[in-house]
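As written, the chain order gives the labels A, B, C and D, with residue 1 at the start of each chain.
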Amino acid sequence: MAGNSYGTLYKVTTFGESHGEALGGIIDGCPPGIQLDFEAIEVDMARRKPGQSAIVTQRKEPDSVQFLSGIFEGKTTGTPIGFIIPNTNQKSDDYSHIKDNYRPSHADYVYDQKYGFRDYRGGGRSSARETASRVVAGAIAKQMLPEIKINAYVSSVGPIHLETPYQELDFSKIESNPVRCPDEKQAAIMEEYIRDIRKQGDTVGGVVTCVIQNVPVGLGEPVFDKLHAELGKAMLSINAVKGFEYGSGFSGSEMKGSEHNDLYNPDGSTKTNLSGGIQGGISNGMDIYFRVAFKPVATIMQTQDSLDNQGNITPMTGKGRHDPCVVPRAVPIVEAMAAIVLADFYLINKTY
Amino acid sequence: MAGNSYGTLYKVTTFGESHGEALGGIIDGCPPGIQLDFEAIEVDMARRKPGQSAIVTQRKEPDSVQFLSGIFEGKTTGTPIGFIIPNTNQKSDDYSHIKDNYRPSHADYVYDQKYGFRDYRGGGRSSARETASRVVAGAIAKQMLPEIKINAYVSSVGPIHLETPYQELDFSKIESNPVRCPDEKQAAIMEEYIRDIRKQGDTVGGVVTCVIQNVPVGLGEPVFDKLHAELGKAMLSINAVKGFEYGSGFSGSEMKGSEHNDLYNPDGSTKTNLSGGIQGGISNGMDIYFRVAFKPVATIMQTQDSLDNQGNITPMTGKGRHDPCVVPRAVPIVEAMAAIVLADFYLINKTY
Amino acid sequence: MAGNSYGTLYKVTTFGESHGEALGGIIDGCPPGIQLDFEAIEVDMARRKPGQSAIVTQRKEPDSVQFLSGIFEGKTTGTPIGFIIPNTNQKSDDYSHIKDNYRPSHADYVYDQKYGFRDYRGGGRSSARETASRVVAGAIAKQMLPEIKINAYVSSVGPIHLETPYQELDFSKIESNPVRCPDEKQAAIMEEYIRDIRKQGDTVGGVVTCVIQNVPVGLGEPVFDKLHAELGKAMLSINAVKGFEYGSGFSGSEMKGSEHNDLYNPDGSTKTNLSGGIQGGISNGMDIYFRVAFKPVATIMQTQDSLDNQGNITPMTGKGRHDPCVVPRAVPIVEAMAAIVLADFYLINKTY
Amino acid sequence: MAGNSYGTLYKVTTFGESHGEALGGIIDGCPPGIQLDFEAIEVDMARRKPGQSAIVTQRKEPDSVQFLSGIFEGKTTGTPIGFIIPNTNQKSDDYSHIKDNYRPSHADYVYDQKYGFRDYRGGGRSSARETASRVVAGAIAKQMLPEIKINAYVSSVGPIHLETPYQELDFSKIESNPVRCPDEKQAAIMEEYIRDIRKQGDTVGGVVTCVIQNVPVGLGEPVFDKLHAELGKAMLSINAVKGFEYGSGFSGSEMKGSEHNDLYNPDGSTKTNLSGGIQGGISNGMDIYFRVAFKPVATIMQTQDSLDNQGNITPMTGKGRHDPCVVPRAVPIVEAMAAIVLADFYLINKTY
């Protein structure tokens, strides 16, 4: 396996399966002298954690991070930051039913085909638990860039959409409800919908919108490493993501140039922002915003046909934890990956 | 500037502005012994070229590629393939009106801010002409992987959508019409729409769908370098792209798990393919398909306000070439980037 | 800081200071299915450890490695192998005398200049203790390549040289004496010399010779990433290394072509091997051998002038541990880095 | 093949065989706004060129570089600089005798084994002609860093050594004689020696010393990417190099710590400089100096046994060009690679 690192100068490498002794990672490239707010890191860890309310999975997952290096007297030293997140609950018996069975729309089958070998306990590296390490690296990236404001929220749950433009939303309300939708009315409808899905033993997808404010002009590279291309890759690397669009996105493809062009104000800002804060791959100082589509997670509490490793179709019923809608928990992961991408470009583009 | 390379083991590096002496690139990592079909390369170059019909730009752009190394007696030698594409039409006078002016929704402003310096002739590295080098590298990648079938086509032009699923389309008809839509009826409507846009001096966006068939199980890496994350980055690095979705995409976010899960056949294939041929970031042997959204290009023949570098808003009218819909020309570029991504994973995953 | 990773497909990233809670690293790219011999890993760890005999430092450094991921039922799973090596002895008081002082020929001064900040306890990332993580990664690389034989030994201590060619040495005797010199007579002289240096409170340098056997033809790349260029970088990245030569090395620069050329045997092997097993950057199947020069370590027990951070020259006497000759301990580190380089090329060149 | 790029942020990628249409390369990452001195580039190209005097090869090799992009009105634009160096003399008939024969100590055999395929004309990518592209990239890197002084010279030819320390030499005399040795007496002896070697139809190796002055404190990374480790890799990537040492080098391995330590002056400079300007992998502001050992080139005009691809030993006599001592021509290549390494660290360490 390769590809367990992200970034060029702010480089994050992660390790760990959901059922090993610990997860963790190394952040290489964090500048020295940053006074770390450890509580803020724990807050982001808690936001990612399952079992936060009745609408999400009840599994307890204590995510306390231990920093092993790169920090001295509370400040980053510029050396690599190594950290671990112990797995306190490593019982493997819940997974015996999938040892020889490939669950539909899971990575079980491709893992066996690719590696000839599979740690069947909890999904191995495919487990969403891997994202805990991303949240740590993102939380530190955020603290490296205190002027940047990154706010993500749930804008759709299944067929229920929040149509309000982000400019009219109060981001301070994102954390006021378990679906992380800043519109309280819509949040209540979404929550009700998820409760219903839960009762059905089913799951549902959704969309996270992310808004990045106070980005200086000039981040990103104009050809292959466009800022939105890196953001896109970062988001698509999150489990269950099926789509990414920024600025006008797919709806922009239906527009005419005369409608889509963002006319300038004398100060270089633009009257509209269908461009989504990025021109030719480079930030233009306007708000960057994008949407990330999540499919429903594959583990459902209903009975479905699975395939065993002898080629037999056998019915299987999901056991244990049930996460009817993973999208609210994905909010801090989207923010973390956005922060990592920005930190990397800050260093590459010498803006830091 | 950085970021002019793509790939790890099949690595493509490009250079060249639209108005320098030549564009070109280097392909590092192409295996030895591949008998090259140079005509096939020229065909892809011609497909990308502007001025192919009345509905697209009339600018003549002779794109004959000259290979300078890495090929001996018609076969690749395993050494880097250097190539150039001469710019035969380098007159700069067409661009005098933008020397001191920032066109709306172009990269002019961010370039000046970022580099303190701008080659105003033809957009510099932001020019779509840079993609000619990608098409060369992609055409060779395709020949490296003869068993893989990559077919892209236009599935939307502005508000006109081809709703037919790709399975019901005849890909051999893609090149039968200038919009590159395999459904002839829909193609005619799209063509008519573009003609109308052209008359208005306006532009329009659209969507390219790409289908990749005969991919073996096992390409891609399960964490950051997921196959679809790399495909997404590659597509988002193409000029004017605003969104990427694969498999069920954004519509998958509205579905329930019980609807979305792809149940297995005994041979490991799946009955449905909402996953889009990728599970956990790794190809599962089913068709890979994705959609790429293009915004309308910013250069319109209407008068619009621009910003000059003294902070004055001044009206500007587009001159010279007019490309009312760039989406058909993007089809070979989408295919090329897909081929480059696959070639890279073939080498990384040692499937080659 | 950057540059805490080594390798492209067998990628090792390390973290940790000598006085943090733990050192550690991540090995990304190790193939699945390798049955690990954990005792062999501990043996290499023990060989690197200080305090192994009277001639080396007396500091106790218990180097027990804990693997946290990437291993299941004793076999590698193909996922990243995360590991930590706890620092059990983290007392910082020994270092108070260097808090504001720059020791001669240490990295103290450049660290303060570069980072504006220094974790003065034990040298930070400059500490030789960082190499413990390299030894873990190298020990696993060796097990990935069981057919390759890597043997390093001490061929010089200060002015005392072992002139015998490696072909006439019995590598099984390397570990039979504390200087790791396979010639017992010469070893005894070296040992006596080091004892004398120890009494003087001084230190001395030396040379490690490394021989790699059973390498297949074809590892390495012919231009920038020549096999010996990577080996050279890997060796020069070890603390205190001042020089690297392979095959005929510096003495080859005094020779004529007619003397230096290695004539072929009919099977493609060569009668002589002044080339050192590498032609044009690519292994040719003959033994690879190279020499690595180590300077004397800078910490001596004599009084020397140091510089304080106010610009005052002040006398300073080394305290605590005393390592009169670090070269024997460097033997397993040289082997580890060689194994990491080879493992990486095995994967890049698809020989594995 | 991989490995045709060097550098992370100042990234040089080269292509081209000695007998293709052209060599060339791409420099990605050169900052914008550098006013280029094209004559200085041609001077370095001329220094590398064979056939400069009676003591070196007589082959004519016109090395005029053509820049295709990245330069506008004489200044770098920040976009990639593409360039080609046409091969005007592409006759292949001189190489017919080596088509099926492996010359001793050439890369012929390993190429055939590795790639199953060989462009036998002129050594393919192993040809020293590839270094012309490095000289272009290095010449631009030098202009990016005008304050840095890089001077390389020949300090040994075969058994004839210039023992004078570099501090006592007049670098302005390096180009005053064809061996590029700044000591005129020693140069004359070396020249005479090479003439003699030439008459014998033989070749001889030598050593290039390189001195880099005015480097700021802080370039380099303390662990794997030490400044001297990168310099070492860069030098070892030059054809025919067998060894690299910096500062005290191999002779430092014979010294005691009390002799080797460089004591400070109050301003942070050191009284001696056995460290060679680098502490813990990071430049300390003192002169950086290193030595590079070159073996004699393998092509001699005497008859030697070669191996044919049927496994027969057959006598072969070198034809055509004869380069009795390649070391003087290597001087600009050593300087170029040093400049490339420094430029890269300037960008990574944000000193530029």
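As a convention for this text, a contact is a pair of C-beta atoms (placed from the backbone, for glycine too) under 8 Å apart; a residue touches a chain by one contact, two chains touch by 3 or more.
In UniProt terms, the chains line up like this: A, B, C, D = Chorismate synthase.
Because the structure is a prediction, the values reported are computed rather than measured.
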Pair with more cross-chain C-beta pairs in contact, given B-C and A-B: A-B
Most remote chain, CA-based centroid, reference being subunit B: C
Rounded Å distance between subunit B and subunit C, as computed from the means of their C-alpha atoms: 47
Centroid spacing, where centroids are CA-atom means, of subunit A and subunit C in whole angstrom: 39
Chain centre separation (subunit A, subunit B; CA means) in Å: 27
Residues of subunit A engaged with two or more neighbouring chains: 1-5, 9, 14, 124-125, 348
For the subunit C and subunit A complex, residues of the former touching the latter: 1-5, 9, 11, 13-17, 20-26, 28-29, 32-33, 66-70, 72, 75, 77-82, 84, 115-119, 124-125
Contact footprint of subunit A on subunit B as seen in their complex: 1-6, 14, 102, 104-107, 109-111, 113-114, 124-126, 130, 156, 158-159, 197, 200, 202-207, 217-218, 221-226, 228-230, 232-234, 236-237, 239, 242-250, 252-268, 270, 274-276, 279-284, 291, 293-300, 302, 304-307, 311-313, 348-349
Complex interface listing, subunit B residues touching subunit C: 8-9, 347-348, 350, 352
